[in-house]
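Okay, got some structures for you below.
Next come two complexes, and both contain chain A; in the first it sits with chain B, in the second with chain C.
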Partner chain A sequence: MGITQILFWILSVMALFSALMVITSKNPMHSVIWLIIVFFAISGHYLLLNAQFLAIVNIIVYAGAIMVLFLYVLMLMDLKKETEPAKNRWLKVAGAMAGGSLLLVLVAALRKVDIENGIAETRTGDIGLIENLGTALFTEYVVPFEISSILFLSAMVGAVVIGKKE
Partner chain B sequence: MNALIISAIMGVVMMFSGVLLRQRSAVLAVALSGLFVSIVLNIMEMYGFHLFKVNLNGMMHFDRFSLFFNTVAMGCTFIFLLLSAKEMEKVGLNYADYFALIFFILSGIILSSSFSSLLILFLGIEIISIPLYILTGSDKKNLKSNEASLKYFLLGAFSTGLMLMGITLIYGHSGSFAIDLVTTPETKPGILLIAGLLLLMFSMAFKVSAAPFHFWTPDVYDGAPTVFTSFMATIVKAAVFIAFIRLFYHAFGDIHETWKYLVAVITALTLFIGNITAVFQQSVKRMLAYSSIAQAGFMLMAILALNSVASEGILLYTTAYCLSTIGLFAILVKMKDYTFEGFNGFAKHQPLLAATAVIFLLSLAGIPLTAGFLAKFYMINAVITRGGFLWLVIFAVLMAAVSVYYYFRVIQAMYFKDGDAQLIEVSPAFKWAISLVAALVILLGVYPQLLFSWYYF
Partner chain C sequence: MIDWGILLEKSILILAVVTISLVIAMYATWAERKIAAVIQDRRGPNRAGPFGLLQPVADGLKLFMKEEIIPNASSKFLFIAGPALAMITALMTSAVIPWGPSINLFGRDINLQIADINIGMLYVFGVVSLGVYGIMIGGWASNNKFSLLAAIRGASQMISYELAMGLALIALLMLTGSLRLSVIVSQQSEGMFNWNVMYQPLGFIIFFICALAECNRTPFDLPEAENELNFGYHQEYSSMKLGFYLFAEYINMFISGVVMSTLFFGGYDIPFVNEANWGNAWWVGLVGFGVLMTKALFFVFVFMWIRWTIPRFRYDQLMNLGWKSLIPLSLLNMVITAVVILLLNK
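For the complex of A and B:
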């Protein structure tokens, strides 16, 4: 068993365990923190598959931005451990149906996967490397890349105009 | 490309001028001279002068049509600033920043009139939209302005999402962002192409406020500070139309058969809703908001026709529409009362301004000898040349007749009703400028070849 496989097993156990903890822990704050660990574990998987950019973006966008937003919302709502609102019966039915549909889609999609021969291609393929992405951004797509700076600048000017005290 | 670089730089310059220059007239002078420079450089680009050598990788294509429209759009912005810059001071304290945002919008306009890649289209539309959300909400103390800004932002973000989804699906179909590669005459429209086309059509229809995606328009145009309504209802709308026609001409022109009926229905619906609802308005500002929907209906006919008459016609239409609406808004912004009653007896107090307002209203209604008549004529001619949509032509003429009713209500109030129309002070320079705009409207109506001979040579 090579180092890649060991890492894969560690990351998988980590991801599955944290995912279970997200839905079983009573305190919503703990749930959010477990979810962040899930994202880190999945980013580790992306790294194993040579997808650096995806790994970084996953951490920056999900763990960095979205989860911080979640945390803020939870803090502002001030959810106590024991004050979990009683769930509506219809809500439970709806949740079960939504989850069941997702399961159905996943089973249907993965039914014909050839597990024996479909070995994950670790350390091969260079499409997800940051180097290639940078080359594309600064050669072929340099014009839209530079133009997007106007977009961000105008958004920043707007934020100042709206936010400044008068 | 010249004008794009200059206007982006001017946006930054305007931000600093707010800090460095104490006097507001100096800020205006900087803005006007910067705009003038970019107009001159843009006209020079039409004759082959390039300030910088930029390798665009086929992302943008500055052809005669887009350069000409850029000149028109920047010229109209110049007129808009001459007429209404005084009123921008009253909106809020960030005088220079408003100019910065307007310059950013101008660079967005240049992008969306000359894109040849869907990426640039997206960037252009977003660079237009985001500063507009801010300008809509710039009157921070006014609840209506806040509400309009939030509404515009949420709905605008939603329609941008639709556009991105459409671009993604088109990319899935053709494997490229280039608009020329989306379809060929042999293309069999598949599910990806059709879904992408519909999403792009809906989001563009939202941005030009075509029915049934027009619901944001009256509230946003009514709630925004009137100076900025004047800008967004004219120049910005015209630019998005140019983007719309460019997108559909290059990307979907080969599969015209599949979408022409849908566009025809949207056109008829826009004409109907815009004109009929405008009849019932009590405020002139709100009436102009609905009239801008109605005018969008006429401009949509160019997208339906998609031939050389249509591309000439849309240039004339945008010029005529921008000039008359900017002029009318410039007068409206000086009024104390925006209702129809507020215009009672206007002609007695301000005979010159009333006369120019009549010219603008006649042009919007499409009365002969004004630019608006020929613009409508070109649109209808384009659809007839394309053939097959006689019902739409007849319907459009009927709706133009309806529009005469609500435009003439303003004229009736100004000339035939007694009242005491309150006006804030106007300078002689303003009167000269607005007479010049009215003269331009008449000139284009009598001698439209002026525009076209410049376009072709």
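For the complex of A and C:
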């Protein structure tokens, strides 16, 4: 096993274990911190695929901004009550069904993937480098890129409107 | 096949950089007191050793010897993780800084940079955005209302000022065309008029103000406003855990001084001297490193000078400055830079 493979296994175990801890932790604060570790593991995977820009943006945006806001909200909540009221049984059934159908869709989508020939190019391919990604985004995919930026703008305006409602 | 030489080289470099950061942070505490003393017309520390130079050692020893108290009601693991995170994020930025020109030693070309990645500037920004976790987790895990309030203040302050900092960096990035810090430094090494601060003075001022805010230094030290919050987010901490929090602040100060010198003031470039044809002997690297240190320590001095001169902002003033002044100003800076670059290239 080369170093890349060893790192892959370490990162995968880290990501899966932390993801499980996110949903099994009783304390939401701990869940958020486990989720941050998941993001770091995924960034590690991106680095193995030589997608440096994606890796660092994942850390800046998710670990550095969104999770900070999550923590921010959670810190203001009263987490002392250890016993959370049990959810309605029908709610549990509905949740299980929704999650199960998502799993079904994912499995159906991934079933036909050609795993044997689709080996990841580790440390080679350079499309993930910032120059190439920038060129691709601003030439080939400029329209979707601009549309998604308008989406962000509308979300921002919406947030301001909601915040000003008083 | 692993190149053991590079492994050894990088390990020594990491060890050296971390040690230097820690020693400088140690003596920054001494310098802060001396500067405060000069500004307030006092003597400052002068008992331990000549000029009080052993004072940081005595302080460190004292912190290590103190009783360690962990509050009962808090999450013990997170309580310990808080100062550790603060320290780690403070030290992580140093990995992408070019500390000097590459030198030739024992027949090897040695790059005085731990990792020359092509996303250097984004890495710095990423680590800055993680810096808030030490304060937030520590403040929350203390299970104390004052600590929590201070942590919330710290978090919102850092998020607000990160934006303006990022926008100032974007304007700089348009100028350099590269995120690699070694390229940014070598672009500036032609002479003093190639330094980025000459082209981005407004960007530098915005970056400097945001760096003050990110380091929680006066006038932005609201997370540790003693007269409002008792002691701030590290109120429940004792012994060396408290020491780590205080220490991380000084390391952050030093590292942001280094980042500012690298991005805006030519890094290890010596002003008025053309050092390009000096070759790559070991002493050239040392001189470059010394020049970078001089620039960085000058910024640390300015930080301290500001701390003992300017009073603290009120919270609403802080938010107004961040959102209503700095962000529009940095957006304007960005647009002007873009337009000028476009016109000059045409």
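Just so it is clear, the second predicted complex is superposed on the first by the 128 of 166 C-alpha atoms of A that agree within 3 Å, B and C clash if a C-alpha of one lies under 4 Å from a C-alpha of the other, contacts with A are read in each partner's own complex, and residues count from 1 in each chain.
Keep this in mind: a contact is a pair of C-beta atoms (placed from the backbone, for glycine too) under 8 Å apart; a residue touches a chain by one contact, two chains touch by 3 or more.
A quick note: this is a predicted structure, and the numbers were derived from the prediction, not measured.
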First (chain B), second (chain C), both or neither touched by A:134: neither
Touched partner set for A:151, first chain B, second chain C, both or neither: first
Partner chain(s) touched by A:29 [first = chain B, second = chain C, both, neither]: second
Partner chain in contact with A:160 - chain B first, chain C second, else both or neither: first
Contacts of A:100 with chain B and chain C, given as first, second, both or neither: neither
Which of chain B and chain C A:142 touches, first, second, both or neither: first
List of chain A residues in touch with chain C within their complex: 3, 27, 29-30, 33, 36, 52-53, 56-57, 59-60, 63-65, 68-69, 71-72, 75-76, 129-130
Complex interface listing, chain C residues touching chain A: 2, 75, 78, 117-119, 122-123, 125-126, 129-130, 132-133, 136-137, 139-140, 148, 151-152, 155-156, 159, 162, 179
Chain A-facing residues of chain B, complex: 8, 11-12, 15, 54, 56-57, 59-60, 92-94, 97-98, 100-101, 104, 107-108, 111, 117, 119-120, 123, 126-127, 130-131, 133-134, 137-138, 140-141
Parts of chain A lying in touch with chain B, wherever the complex brings them together: 140-144, 147-148, 150-151, 153-155, 157-158, 160-162, 164, 166
